[in-house]
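There are two complexes below, and they share chain A, which is joined by chain B in the first and by chain C in the second.
Showing the complex of A and B:
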C-alpha cells in the first residue's frame, strides 16, 4: 500500500498535465503572440502567486480540511509588505508577513482542533477577521513596497523571473515533503481516514495544526510576490484566490474528500487557470466574463473528477 | 418525531441566552447613540435589518437541512440590478420586475439544488461557484455601470411607515417569518428538514425523499434571498454593484447566533430572529463609531467563531 501509493497519487495529476500541454500546443499554433517571450514570462508571473497558494490549499485538502482564509491572508500580507517596508526594511517586512500568515494558519488549526469548529466555518471567519485587519491597516490600495524586495522577485532572464523559479522550487520541496517524509505520509493517512489515523496513534491534532500553518505560510508568500509584482498593497486583492486555489487543486486531481491527489497536479491546475485568463485577455473578452468562466470551470472540474472517483469506489 | 421535539426543547434553553444578548446589544446601542437614542431610532435599525432577516430565514432552512448557501449575497445584488433596470423608476413596471426577479432567484436555487442533490457535490463549493457566476452575469448585464432606479410606489415596502409610527418593512419581515415558521413547524414537509439534517441516511431509509427536499430547500433559500434583494432595492432606491456582498456572511452569522448548528438538524427560526437583530444593532454601533467596513468584517468573523464554539460546548 505504502510503496504503491506515491504512484497512485501522482497518477491523479495526469489529466491536468494532458489538458495543460494540449492548451500550450493549441495556443502556440493558433496565436503567434502567445509564443513571444514577453507573454510567456507574463503568464508565469500571473500564475506564480496562484500556484503558491494552491500548494497550501492542496496540503489542506489532502489532509481532509479546507482553507477559505487564504485570500484574506494574501491581501493582509500585501498590506503588511506595503506598510512595514519603511519601518523594518524590505526583508524585515517579508519576515513580518510570513509570521502573520503562519499565525493565522495556527489560529485556524487551533480552532478546528480544540474548538471543534468545522474547517469551512473557522476559516471563513478568520478570513473575515483578517480582511478587517487589512482594511484597518490600509483602507485603500497603495502603500510602498521596498525597492529591494521588488527588484529581487521581479529580476528575470528570458522567460524566468526569480518569483517563477521560487514557485517551482517550493513545489519541488513540498512534493518531496508530501511523498517522501513520514509527516507527509501521515497527512495522506489523516485525509484518507481520520478515524483510522487517530486509532493508529497519529498525532491528529498536531498534523492538522501543521497543515493549516503551512497553508497560511504559503498564502503569505503568495501575497508577498503579488505585492512585489504590483508594487503596492491592496486589502481586497486576495478575495478571488479562495475559490481559485480550490479550483486549481481540484483541476489538478486532488480529491475534496481528502487523502487523494498530489501537489504536483495543483501546479498544472494553476497554470491552466492562469492561461485561460491570459487567453481571454488576449482575445479581448470582456473582463467580467472571467467570473462566469471561473465558476463554470470549478463546477465542471468538480463534476468530472469527483464523479469519476465515486464510480471507482463503487466498483 | 421525538428527536425533533427534543432538539426544539434543547434549543429553547439556548434561546434565552440569545434574548439576553439581544438586550445587552440594545442597551449598548442606546448608550452609543446617546442623546439621539429614541424608539424611532431603534425601529429604524430594525427596519434596515428586514432584508437580512428575510435572507437569514432561507439560510436557517438550508443549515437545518445540513447544507450551506454562499450565493445569497450575489443573488441579492443580481435582483437589485435587474429590478432597477426593469422598473426604470416607473410604477407600471413593478409587477413585471417582481415576477422576473423572483423567477430568476428561484431558477438559481433550482440549479444549485439539482447539482448538489443529483451529483452529491459539496454545497459550499457549488454555491460559491454559483456566486461567482452570478457576479459575472450581473457585471456583464450592467456592463460595469448599473443604471435604472426603483419605482417610487415600490419603495414603500422598505421606506413606508404606517401612520408615521411603525415601519412596513418590519411587517413584511414578520409576515415571511410567520409563514416559514408555520411551514417548518406545522407541516410534515417542515418536519422533514429536521429529520434530513439530523441524519440524512436514516431519513432516506425511512422514506423521506431527500432529493426533492434538498432541491426545494435551495429554491426556497434563493427565493428568500430574491425577496431580500427586492427589500434592499426598495430601501436604497438605485442599482448598486456591491449591495449584497455583506449579506452572505451576515446571514450565516445571524443564523448561528440563534443556535443553529452547522451539522444540521438543530436550530429554530425564533432563534434566528434575535440573531438578525443582534447583528443589526452591532453593525449600527460600529457605523456610529466610524469603523464600519473593517469593523463589520472583524465582528462577523469573531461572532461566528464564538457562537459556533459556544453552541458546540452547550450541545455536548
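Showing the complex of A and C:
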C-alpha cells in the first residue's frame, strides 16, 4: 500500500516499537504494580508532554536542525498559563501560550535563516532569553491555572485522559502531514541535503522557519498540559525536555543529521523514556543515576543507528 | 522579430569581484534547434547558462522570453517560465526514491495529499520517454553516476520545459547511453523545444547539434551552423590557436621489472582476482564501461575501501594498505573523480588547498610559515598555469578545470611514487587537458607510476603504455597503448572477446 520513501522512513521506527513492546511485556510479567490502572495512567501522564515536544523536535531534526529552546518554551508556557488565566480566562491563556511558543519558534527560524546563526547556538540563546522571561514573570513555582483548562485536560476514563488522547491525535495529524503532503516531503528533502533542496527550487527559508515555528508550537502545547496536570506554573520545569526530546526522537529512529526517520518513532521513543523513568522510580533509583542512565541510552541509540546506516545503500 | 526565438540573452555581461567573466555575449535559443555551447573551462559557459536560467543576475544586457523582456527572480522562477537547467553537478536526494526525485516540485496530489502511486507511475512514464530503465522505487543514494544523470534529465523534462539546458550530460554516460540520450534530444527537438548542450566532446556536436556558440574568456568567438565548421575550427576558436596534437609524445624506454604489484586482489564481488605488475615510469590505463569495478579498484588501492583479499607489493615488499593514510605513507597519491567533495576544501584558499598534504614538510618545529606555504603553492600554480586572481582566492570561485588543476597540483607537491588518477580530465577543457597530460609525462619521466582510470577512450589510447579493460569486476583484456584502437577497447568493454590478450 505504501509506496516510495515513506516505507523506508517508517521502517526506522520499527526498532523503537519492538523495544517498547518488549518493555511492556517484561514489566507486566515482572511487576504486578506495573499492570495497575493507576500506574499505566501515570506513565501516560508522564509521557504525554514529552511525546508532544518530541513531535516538534522530530520535525526539526528531520529538516536538519535542532531546537534547544523547547525546554524554556515549555516552562514559559506553564508560567503564562499560570499567570494569564486571571486576565484572559482559561482558554485565553491557552491561546497566549500557543502564540508565545509560535513566536519564539519563528524568531529561531528567522535567526537561522537570515542571520545564518547555527541552529544549536541560536536556539540555546533564545532558550536563555525565554527562561529569563519566565523567571521574571513567575520567580518560583506557583500561580493560578484556570479550573476549566485543568479539568478539560485531566478529564479521564480508565487509563486514558484527554491529554493522552490529544497527544495521539497530534501524532496522527503530523505523521500524515510529514509523509503525505508536499511540504512534509520537502522537509525531508531539506534535511537530506539542504544545498540540493535550494538548487531544486524548494522554498528553503520558508520550510526552515515553518519547522521552528512548529517546534515552538508543540513545546507550548506540552507546557500547557504540564501546567494543567500540576495545576501551577514553574519557570524551570521544562529544563530536562531539551535533552529528553532529542533522546526520544533519536531512540525513535530519527537521524541527528536530518532527512531520516519518522515522527511515529518519537512516540515510542517518548514512552520508552517515560517507562525507564517510571521503572527507575519504582525501583527507588536515586535521581542522579537516572541522568546517567538516560545519557547512556542516548549514546547507545545513536551507536545502533549509526552502525545500521553505514550500510545504508548497499544491497 | 524572429518568432522561432524562445529565449534570447542579449549583450550579456557579468563580473565577479572585478573579473569580467562574460562580456557582450548574445545567445538565441530557437524552437526545435539544438545549440552547442563550447569553450574551455572558465570561458564563461556555466555563467552564461546560469544567467539565462535565472541562477545569476546579469550586470549588463537583457533577457527576452518569447519576445518580451523578462527579469528572472531566481532559477525557480525561470523554471516556471519553462527554462530547465540540468547542472553538471547532480542534486538528487539520497533518501528519496528515483520517482520522488524526478517529481520533486510537481508531485501529483489528491486534495492536499500527495499521491505516491500516481507519482511513481508518472515518473516511470518520463523515464520511458528517455528510453531508460531505472526502477523508480530505488533510492537516489544508490544510483550510479550514469543513472543519476538520467534521473536529473528526467527531473528537468517532467516540467515540460520550452528550453532545456544540459551541462555536459554525457560525461558519465557510456556509449550506448549517450546514443539513447541523443535520440531523446532528437525527439525533444522535433517537439519544438530548444535545447542547449554544453559539451567538451567534439564528436557530439556534429552528432546532434544544429548550431554552435564558442566562448573564449567570456567573449563569443563564433556563432555558426554546425555544417559550416570542422572540429579543428572549433578547437582553434576555443583556445585561440591551432592544436595539432593533443597528446604529448610518450617516452620510449620503459623499465621491465615491476615496482608496484597486485596479486589476486578483490573487493567483495565488485573487483575479482586482479593481478598486475607495474614497472616504474609507466602509465597504466584502466578502461571499460561505467561501473565495472574501476572506481572500486582505484579506491581500494588508495585504502579508502580496502581490498578484501589479495596482496599489494611495492618495491617487492608486501604492504598492508587499510587507510588512505597508510597509502600515502607507502607513496601512493590519489586524484579522485569527485573534486568538489573529495579533492578540495572548497571554502579554503588555493594556497591552503595546495599545501595541505605537505604541511609537515613546510612547518618548522610545528609552526607554519605563510611564506613557505605561498612559495609551495606558487610553484604549483606556475607548473599548471592555473588562472586565478590571487593565491588567497577560495577554490570555490575557480572554474571546474582550474579546480582540477589545484587538486592535481596538491598531489604532485606531495611527491608520490604511485599516482592514481580517477577521471583526471572529466569536465576539463581542451587546454587544461593538454597541460595535465604534459604533467603526467613529466611525472613518468621521473619514474612515477601512473594508474589512469578514465572513461575517455582517446585519453586512454593517447596516454597509456598498457590499457586494461574491466568488465564485471575482472580485467577482460589488456592492450598495448600503441596498438590500441577505440574499436578494440569497445569490444573488450562489452565483454565480447575476453580472449584478446596482447600485453607487451
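Criterion: the second predicted complex is superposed on the first by the 308 of 315 C-alpha atoms of A that agree within 3 Å, B and C clash if a C-alpha of one lies under 4 Å from a C-alpha of the other, contacts with A are read in each partner's own complex, and residues count from 1 in each chain.
Operating definition for what follows: a residue touches a chain if its C-beta (ideal position, glycine included) is under 8 Å from a C-beta of that chain, and two chains touch if they have at least 3 such contacts.
Model, not experiment: these values are computed from the prediction.
Novice: With both complexes overlaid on chain A, does A:286 touch chain B (first), chain C (second), both or neither?
Specialist: Only chain B is touched by A:286; chain C is not.
Novice: Just to be sure I read the superposition right, which of the two partners does A:116 touch: chain B = first, chain C = second, or both, or neither?
Specialist: first
Novice: More residues of chain A in touch with chain C or with chain B?
Specialist: Partner touching more chain A residues in the overlay: B.
Novice: Examine A:259 and indicate which partner it touches, taking first as chain B and second as chain C; both and neither are also allowed.
Specialist: second
Novice: If we overlay the two complexes on their shared chain A, which of chain B and chain C does A:125 touch? Say first, second, both or neither.
Specialist: Only chain B is touched by A:125; chain C is not.
Novice: Overlap the chain B and chain C contact sets on chain A and report the shared residues.
Specialist: No residue of chain A touches both chain B and chain C.
Novice: For the complex, which residues does chain A have touching chain B?
Specialist: 111, 115-118, 120-122, 124-133, 135-136, 139, 242-243, 246, 256, 286, 288-296, 298-299, 302-303, 306-307, 310
Novice: Can you list the residues on chain B that touch chain A in the complex?
Specialist: For this pair, the touching residues of chain B are 68, 115, 119-122, 124-126, 128-133, 135-137, 139-140, 144, 249, 252, 256, 262-263, 291, 293-302, 304-305, 308-309, 312.
Novice: Which of the residues in chain C come into contact with chain A in the complex?
Specialist: 74-76, 79, 87, 91-97, 99-100, 104-105, 107, 109, 112-114, 116-117, 119-120, 137, 139, 141-142, 155
Novice: Would you mind writing out the residues of chain A in touch with chain C in their complex?
Specialist: Contacts found on chain A: 2-6, 8-9, 176, 180-182, 185, 188-189, 192-193, 195-197, 199-202, 259-260, 312-313, 315.
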